[in-house]
Amino acid sequence: MTAPLVEATGLKVAYPVSGFRRPPVEIVHGVDFHIDAGETLGIVGESGSGKTTIGRAILGLAPVSGGSITFDGADISHAAGAARRALAKDIQVVFQDPYSSLNPSLTIGRTLAEPLLVQGWDKDKATKRVLELLDRVGLPKNAAERLPREFSGGQRQRVAIARALAPGPRLIICDEPVSGLDLSTQATVLDLFIEIQRDTGVAYMFISHDLAVIRHISHRVGVLFRGEIVELGTTAAVTNDPQNPYTQRLLLAAPVANPRAQRARRAERLRLREEQEATYGGLEKLARRGIARAAAETTPRQFRKAVSS
Amino acid sequence: MLLYIGRRMIAGLVLFVVSSLITFLLLSMSFDSIIASRLGPGATPEQIADMAARLGMDRPVLIQYFNWLGNLFTGDMGSSFFTGADVASQLPQRISVTLSVVLPALTLSAIVAVGLGVWAASRGGWVDKVSQGFSLLGNLIPNLLVAIGLVSIFAIELGWLPATGFVPIEQNFGGWLRSIIIPVITIFIGGAANIANQVRGTMIDELRKDYVRTLRTRGVSPRAILLKHALRNAAGPAVTVLGLTFITMFGGALIIEQVFALPGFGTFAFTAATSGDYTVMLGVMSVGIGLTVGMNLLVDIVNGWLNPKARVY
Amino acid sequence: MTSQTTASESVAVPAVVVGTEAASVDAPPPADEVRKSVFHRLRRDPQAVITASILLTTVVLGLLANVLPQHGPNDVVFANINLPTGTPGYPMGSNTIGQDIFSRVLHSINTAWVSALIGASVALVVGTTFGLIGGYFSRLRSGVEWVFTVVMTLPGILLLILLMPVTGGDFRATMLIYGFLMSPSVYRIVRNQTIGVSKELYVDAAKVSGVTHTRILFRHILSVVRGPIIIATAFLTGTAIGVQAGLAFLGVGSAEIPSFGAMISQGFRAINIDPLQFIWPSLFLGLITASIVLLGNALRDALEGSRPKPQKISATQTTGGFAAEATEPADPTAVLQVRDLGIAYQSPSGTLNEVVRGVNLRLRQGETLGLVGESGSGKTQTAFGILGVLPLEAKVTRGSVLIAGNELLGASEPELRQLRGTTIAYIPQEPMSNLDPVYTIGSQLVEGIRAAGDLTRPQARTRALELLERVGIVDPERVYRSYPHEISGGMAQRVLIAGAVAGHPKILIADEPTTALDVTVQAEILDLLRDLQTEMDMAIIMVTHNFGVVADICDQIAVMQRGQIVETGAIDDIFDNPQHEYTQMLLDSILDEDTIRQDPPAVVTQGAST
């Protein structure tokens, strides 16, 4: 076996808080995981769990305050400037919001060409590559001359995928890439992700709050709760036979789109909640079971302040 | 809240010191020319140096500044270069003349502008047209022209009001009122226009927010939504603009005072600057900065009171 | 950090063209078109054309200042004092010392434009540079911010006068300083815009793509900030000219430099001799500043679109005849019946676009109806239409909404208020934005409770605390005293539910009430709604796009597509046996819970990823 593509060891992320001598707010409290080449690691968690922050730390958009991230064996935790820009070839991103992730005043063609031009491609080659990419994500060639506002949410997300693919990366951080999409579009975009992975061997870190999406695309899943990974394993193991009580609750909380099955699941959820509360007390204590470290609590307000600064 | 006010006050003090230091440094560049002009054109460099030494103006600028600042905190602003009169005791009277024009203008602006802005935002129609036209008019023509226009029509042509001069309020209320009417209207036109525009805009933004819809679905009356909720939320930006308007009005009073020959703060400053009366200039400067800093502080405190989120910081 | 979809339904109103395009030279056609469209709009706007022509004319006149007049601006001819306007050689007459007013006006135009140029460009360069830096590099922000706070406390015009001994009264030096004093206004605009744009994900995406900060600033940020800067510049120009005139009026500056202020001052003193001596310079000064402001307004309209319209709080307008009886008879067993409801928005060209097209719904006592559809299907618009709280731009074009035999469409706001809270209530999607940020939770609840019933303040307070406890809030007293920003989203949603059920409504309209919440919270909120429904025997319309939520709580479903209901029925029937192909397609798109990704990780051949 070769070394993993990405490896995070004891990764901590803390945002500085504006104001004199205020301590930074730690969002991610030391997590370990790795992603192998060509695989999808799903990260599932609720708001405030730090799942987006982990992705941003790998991308260099969030400050690593402890531990390390390696890519291809090299430490990239604090890569900045030219070193970070060099990583652009290998690590790319697709964000959740297809509206905010494309500059409304640039044509699709220019948006797609930008990552290539900064990598030093010449213009003709880049133009050719842009057409190739549009074709790859199932958009017509004339899309290159059009502005984002002429496209639907699903089409814009295809553009975002094309942009991520442009430099031929080995890892794409997918931060809730199908959450903003309608149900009917969601499935087709997910299939596109899988198809591209099979064709190119790119690895995904797929961040989502939606277990159904995670199951659909992940080889392995990590469950995040308040900045810690409480459970990590193969998708089958984590979603069919969860060990951590929080994972159990999370799985039962998601409603299933089948009235009869949902009635049963609801009963099961209420039963489990009673049982767990009798055993462990509140949700807080129950998630802590199985993990050694006690995380510093982050209140929603501190948290919002930290991320908005 | 007290902690918040305390913090704002300390920040204000620091701001005052820094800002006055900068101004002091800028003014110090002209010390030599001020002394030279005082001694007359025939002054030799020795005479200038001698004079500077006597006035303590040969010492390093920073030391001069901190001496001045120290004295300022004990209430001593020095005495006039030329008349020898105590600066600190002259200022209140001058300021009160300016304030007796600026405060009525500000109050009038606030009342008219808030009323007009709220009405325009929530009713539309001709009220909105009037309000927009009014906002435009206030911005269209420089204050100077408005002042001169009003004087030439109401004082010179029609003779209804005195063109120039100031009657202290304690001397003759009617006379005072007549002497300030044109200056107040002049300042009011510029000030009210901006505030009305701002209030209209923020009120419209507020009325489009989700919570307004939710309040409606609870059966809350449109009147309560408008005046209790939307206006309260829009008040923060309005107060900020009001503060800025006060500062602009106070600074702009300089020109107005000159047109109407009012013996106010602006005239005082102008006379000092043209004659090179530098102790008076420093006094004037500290008042100018102090008023701005004080106004900002007041705006911050009012906003903190209006908006619970602001208090956290 | 966002973790949940907020699939809010947007109205299909044509997007307003954003007046921005990229800074780079090699712009392909569409970006040019955007710029062109702004230019075209300006060209068709008489206000812009006229004011721009006036300004251009003054500039030309200023340039010809040494050509057109027969006298220099400072030439003093004592024989020719106080000549009237129209005297040969003195088209505007002469002043009290025999100078040619025409010549002086033309030279004053130059002084005004030079002042504007210096003042505005200093303010622009300083403000924009630091605005970009302070807005983009968050680490430097507080420092830059502080510097500009200091600049703002410098005493404006007063400072310019105090510095007379330093500047020697030279208007160019004075305007240079004034430019700095004006820079905070530009700084604030640019900083705020930049902070806004920096949060856009496309900026993050550019960073990830290895684009340098400088390139991001110029390509992505400056192009967006440019519009507001152009508008601000127009107004700064006017201010600079006005201030320069004011200072010159006071006598700051050299007597050798002709300027409007000095001319007005001189003419004003001669008002008894010939008012035209001050009217000429006043006219030109007024013309220039007024044209600048009007041109600035025209620019703003062209770049930012029309100004926001007033928001009157009133019941939704209805147009056209109501032909509901023809489509369906009234059903006395229904607590709420919607028949043939049409809702339209006015497009900029004036035509009405229907976004809800003849919707029929029937809600029975104690039942939950799921109104399901994708974004843009019109489900939220339908809900707002029933509640009578559609935005001002919307109109009800047809149909009927009956509650207990009362027709809601066409009813006035006071009539609707009688029903709201007590008969029909609403739970919104986004909990935070639906609470007024400046009042405590308690006072907002009390206000709603008192609006919906005759309770005294202490009674309402007791009721509010009971409600908070009922919706599962652990420490009602504390939450009662809290402000909205002090509680979590899940708690805020409970508060909103408490507010909605305060008046024991018969009908509850819930618009995606769990979409903004975490799944674990969602499950609890759905439990709560179910309990409250049984307790109060309420009927619920649950607007949602989530079939899991539908399966959990609904008895009936109405599937909506493009403003129409395509299928209705009991949930078991619809899930088991959907009739309409759109429903089938939606159900097929649901990700099957039992399928887990089975294929192994892709095989990577080094460097072959294309």
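Letters A, B and C name the chains as they come in the text, with residue numbers starting at 1 for each one.
The rule is simple: a contact is a pair of C-beta atoms (placed from the backbone, for glycine too) under 8 Å apart; a residue touches a chain by one contact, two chains touch by 3 or more.
Note that the structure is a prediction, hence the values are computed from the model and not measured.
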Report summary line: Chain with Cα centroid nearest the overall Cα mean is chain C
Report summary line: Computed over C-alpha atoms, the centroid farthest from that of chain B is that of chain A
Query raised in the report: Between chain A and chain C, what is the separation of their C-alpha centroids in Å?
Result: 31
Requested in this report: Give, as an integer number of Å, the spacing between the C-alpha centres of chain B and chain A.
Outcome: 53
Requested in this report: Specify, in ascending order, the residues of chain C that touch 2 or more different other chains.
Outcome: 485
**Report entry** Interface residues, chain C side, partner chain A - complex
**Finding:** 1-5, 7, 15, 18, 20-22, 28-31, 34, 138, 142, 200-202, 204-212, 215, 219-220, 223-224, 374-375, 485-486, 488-489, 518-523, 526-527, 545-552, 571-572, 575, 585-587, 589-593, 595-597, 599-605, 608-610
Query raised in the report: Which of the residues in chain A come into contact with chain C in the complex?
Result: 18, 36-40, 45-53, 59-61, 84-89, 91-93, 95-97, 100-107, 109-111, 114-115, 118-119, 132, 145-147, 149, 153, 160, 163, 166-170, 176, 179-180, 182-184, 186-187, 190, 194, 197-203, 209, 211-213, 215-219, 235-236, 239-240, 249-250, 252-262, 266, 269-270, 283, 300-301, 307, 309
Report summary line: As the complex stands, chain C meets chain B at residues 149-150, 152-159, 161-166, 235, 238, 241-242, 245-246, 249-251, 261, 264, 268, 271, 275, 278, 282, 285-286, 289-290, 293-294, 297, 308-314, 384, 387, 389, 391, 413, 417-422, 424-426, 428, 430, 433-439, 447-448, 451-452, 483, 485, 496, 499-500, 502-503
**Report entry** Residues of chain B touching chain C in the complex
**Finding:** 15-16, 18-19, 22-23, 26-27, 29-30, 33-34, 37, 120-125, 128, 136, 139-145, 148-149, 152, 156, 200-201, 203-205, 207-222, 224-226, 228-229, 232-233, 247-248, 251-252, 254-255, 258-259, 266, 269-270, 273-274, 276, 281, 284-285, 288-289, 291-293, 296, 306-309
